[in-house]
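Take a look at this one; I'll ask things after.
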Amino acid sequence: MHQAEIILNEKVAHSIYLLRLRANKVAESANPGQFLHVKCTKGPHPLLRRPFSIADVQRKKDTADIIYRVVGEGTSILSQKKPGEVLDLMGPLGRGFPLPLPGTLPLIVGGGVGVAPLLFLAKKLSKVAGLEGRAFLGFSSARETFGMEVFESYGFSVELATVDGTCGKMGFPTELLEDYLKSEKKVKAIVYACGPRMLLLKVKEIAASCGIPAYLSLEERMGCGIGACLGCAVKSAKGGYKKVCRDGPVFEAGEVEIW
Amino acid sequence: MVDLSVKIAGICLKNPVMVASGTFGFAREYSRMFDVNELGAVVTKGITLLPKEGNPPPRLFETPAGLLNSVGLENPGVEGFIRDEWPYLKNLQVPVIVNIAGETVEEYRRIAQRLSPLEGISALEVNISCPNVEKGGMAFSRHPDSAYEVVRAVKEQSPFPVIAKLSPNVSDIREIALAVEEAGADAVSLINTMLGMAVDVEKKRPVFKRVFAGLSGPAVKPIALRMVYEVYEAVKIPIIGMGGIFGWRDAVEFILAGASAVAVGSAIFSDPAAPLKIIRGLEDYATRNLKTRISDLVGLAHRNDAEF
Amino acid sequence: MVDLSVKIAGICLKNPVMVASGTFGFAREYSRMFDVNELGAVVTKGITLLPKEGNPPPRLFETPAGLLNSVGLENPGVEGFIRDEWPYLKNLQVPVIVNIAGETVEEYRRIAQRLSPLEGISALEVNISCPNVEKGGMAFSRHPDSAYEVVRAVKEQSPFPVIAKLSPNVSDIREIALAVEEAGADAVSLINTMLGMAVDVEKKRPVFKRVFAGLSGPAVKPIALRMVYEVYEAVKIPIIGMGGIFGWRDAVEFILAGASAVAVGSAIFSDPAAPLKIIRGLEDYATRNLKTRISDLVGLAHRNDAEF
Amino acid sequence: MHQAEIILNEKVAHSIYLLRLRANKVAESANPGQFLHVKCTKGPHPLLRRPFSIADVQRKKDTADIIYRVVGEGTSILSQKKPGEVLDLMGPLGRGFPLPLPGTLPLIVGGGVGVAPLLFLAKKLSKVAGLEGRAFLGFSSARETFGMEVFESYGFSVELATVDGTCGKMGFPTELLEDYLKSEKKVKAIVYACGPRMLLLKVKEIAASCGIPAYLSLEERMGCGIGACLGCAVKSAKGGYKKVCRDGPVFEAGEVEIW
């Protein structure tokens, strides 16, 4: 556990917040796809911590960011915290995204707040692996979009889809991915995805049908966050269950049964 | 200086704060976060004869100040345990209590038998109260006769002290506690999870595939505390109290109600350091209350001469 | 437009949201805050044959997301009720259910008899599950035979529908529900409070003079919901679900689990408008889910064709 | 219920806060000794409202004040609220302090945060009844004192006691009352008290032994706050139980058994 000071906690889109923490251990060691397990309140309710993907770290400034959407009690308490307050967190936890071989084209597919860990991933791909690729992002509506400029700043070309068509194409980012892969048949690519279950399922299908490796960041309700309670199970392709917190949250698409 | 040590079921604990089965894995996971040797004792995840996959997701659901779980006793089985977990556990500088579960009395007997050569096990905790499995589990703890039978069978096989872990989902927990005492249990653990459920209002179906799940956490504390208090007046064997312990104050409540030791479960998810904080809190409390031994506090709430 | 009306124990309620006995006094107190006629039904504080003083303070203690109470059935007795409370209640434009309690079967019979001339009572709710009294109370609801006896006796005397209110402090609630159904109960209310306690760590004694008290509030919801689900599969009479209902989502969970109506208790202390908000929430939920009648939602969580 | 906007929420002494609300209904109708029943959180924990005595109202400004001490979860949540936020409250509830007959000398005895309702009482005594008297106030320590100037501004003479002797006399305010009554035997007085149970008990004794009427503001854990749940019982001198929320919180000392 660390006690991390809140540096910033600001709305970046409709009901989406960016929280920046002073957390040198996280800043030093985090990999894209790993998460922080955050205590939203000191009291007995809500009881559990909340997991959030790391959306960025700034090593020089000792900071780590998460981007979260207010959906319930925990995130709503979080959104009321002010800079200067201290947050109790565990992490970085879990296994993040593996970097591709040189020469591979990274294709990023993000849905909603699932875009968060992909921002950090794009940074690493570009700065460490020297790879730039394409990002296909989907949101419900224009007012909930965020992060496009970040991908662009790392040299990614961005295509947008919104469910209501208020921005980009009307529809889902998986359609953008499909269109792209149809037009660029022979590309040596790798897919990275995070978002709602339906999105991951679809990405898995598409990647499999094109014979492209895909890495998916999964979500499950978490207890301990470190593999002790066996609460965050996801069916393994080989039978039995993997634990999202310990074996993931990022899995190779073939490892797990998403539904 | 407060003497925090307690003796329970023949085991000496340097302090009365253990971790509850199933919330601490096989200790290794948390050993990276703090020194597990500071605990009073470590209790393992429940072990069955054969490996168990556990239940399909979701396995956890939060409720007001509580947690429903339907893990379903996922574990490597007794052989897997001996092969993969015991080598680490046996080197801990702290008593290790192995929690066991079975579908039949015969299974309990065989697990106990298989564990009996393992020098270094401090006690077996016999889980006859798991609500998350198809067969056996909680059923054993709902009737005095079957509770008696299981504990008797384990006791016959086991060179180690035997702790019976009871289900709170009964009309009269004293009846069950008396039965396991008679069967030779060296202590009782109270309580396992309460049977509960949740409904997904969007999908209009139970959240859990097995419908029912086990409720733990602060929500159940008043019920657990009541059961400890009741059982303290019914049996002579010591009680390990658990169910919703979140801070030192809760631990003190359990001890005053009659628990010789306590176990922290779900609260660890909220704060892995909770057991250590509770140890310090108990020490401070004893000091403030001029008690030199924590064991002097056990059951104090039962004195009728208390200044009412 | 959603049809919120439900029929239960022969009573027509314009919506399924009632208030739980003992948390709403005799309706008068809250009538200054909102129009109680908007409720589905009003349930009175428990009435005994003779007036009862109730228990000494403290009577309330808060626990995580819950509340322990040891009110001890303070009430003006059946004569006092008829004289002082009924004249107001009988003029309400909403069904009034009178909750009754006794120490012996004979007492229940006599209260029922005494109430039988009161035209305008919609039903009697027979509380065989109060944990806060010396005699009678919860004891009746812990065994099928005694539960049967009490309900039978009331049913024989009462010209009104009879609702049996059961205790959750049992191994198998279905057994009790079946017994009261057989005794002629027109409906069951699930659940009364869970038996719990608290210890005052400063004074080192139980918080309550009677040691044990009744736990209610959101903390118990998962347990209450489970019992409603279980009983729905066991009996044919309708269920009034309660225990920790705090918002509309909780009410929906109970209805999907099998409750034909719900009662809001402790949550009223947090927000007196909670029942009205829940009515509106139910209406919105039904609309969103394209249900024209709220009664179409009852028990839906039991369908095995639900999209798992 | 009203939704009242927070205008001010400030520390006025060690762990003591003053909360000012825009609440015109309260400002219009409140009597000293009445209380507000405040919801500290929207969620299910802590479940119950928290009762606080009204410490002042400003009719012209439509405001009402409470003064509270941070002792547990509810008050700690309250202390984190910021001006502009809205608080859900019930009230004014209960029966307040009766005003004395003209010519009576009001003697006020307050202990700790129990001083709060007595501030409002002093104002009413002075402004409405034209009576000024004496205030005997007790606190644990100098750093927890508050309100003395307020009494003085209403023409009350103030005597202080602290448990640790860091301010005023070392000891309890009931000793100050006793000393005063010993020196002024024949005065036609009325005592008003609020504070810890021991203080009320002592005041009751002193008043009884001097044959002076005393009005005490009692505390009990509350559920409904309006007489419906029968949770806030206090033993009546005539047998049975009174309800603090409905019959009190202010009782004539002879009406109730305080222990």
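Going by the order they are written in, the chains are A, B, C and D; count residues from 1 in each one.
Definition applied: a contact is a pair of C-beta atoms (placed from the backbone, for glycine too) under 8 Å apart; a residue touches a chain by one contact, two chains touch by 3 or more.
Note that the structure is predicted; figures quoted are calculated from it, not measured.
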**Prompt:** Counting C-beta pairs in contact, which comes out ahead: A-B or B-D?
**Reply:** A-B
**Fill in**
Distance in whole angstrom between the CA centres of chain B and chain D is 46
**Request:** Provide the C-alpha centroid distance between chain C and chain D, rounded to the nearest whole angstrom.
**Result:** 36
**Request:** State, to the nearest whole Å, the distance from the C-alpha centre of chain A to the C-alpha centre of chain D.
**Result:** 53
**Message:** Going by the contact rule already set, what residues in chain A reach two or more other chains?
**Reply:** 43-46
**Prompt:** Which chain B residues sit where two or more other chains touch them?
**Reply:** 64-66, 217-218, 244, 246
**Chain contact topology (line, ring, star, complete or other)** = complete
**Prompt:** Of all residues in chain A, which touch chain D in the complex?
**Reply:** 43-46, 73
**Fill in**
Within the complex, chain C is touched by chain D residues 1, 39, 44-49, 88, 90, 220-235, 239-241, 246
**Asked** Inside the complex, what are the residues of chain C that reach chain A?
**Response** 64-65
**Item:** chain C to chain D touching residues, read off their complex
**Value:** 22-25, 29-30, 32-33, 45, 53-62, 64-67, 69, 71, 74, 217-218, 244, 246, 266-273
**Complete:** Listed in rising order, the residues of chain B that touch chain C in the complex are 63-66, 68, 142, 169-172, 194-199, 201, 203-206, 209, 211-213, 215, 217-223, 225-226, 229, 244, 246, 249, 252-253, 256-257, 285, 289, 297, 300-301, 303, 306-308
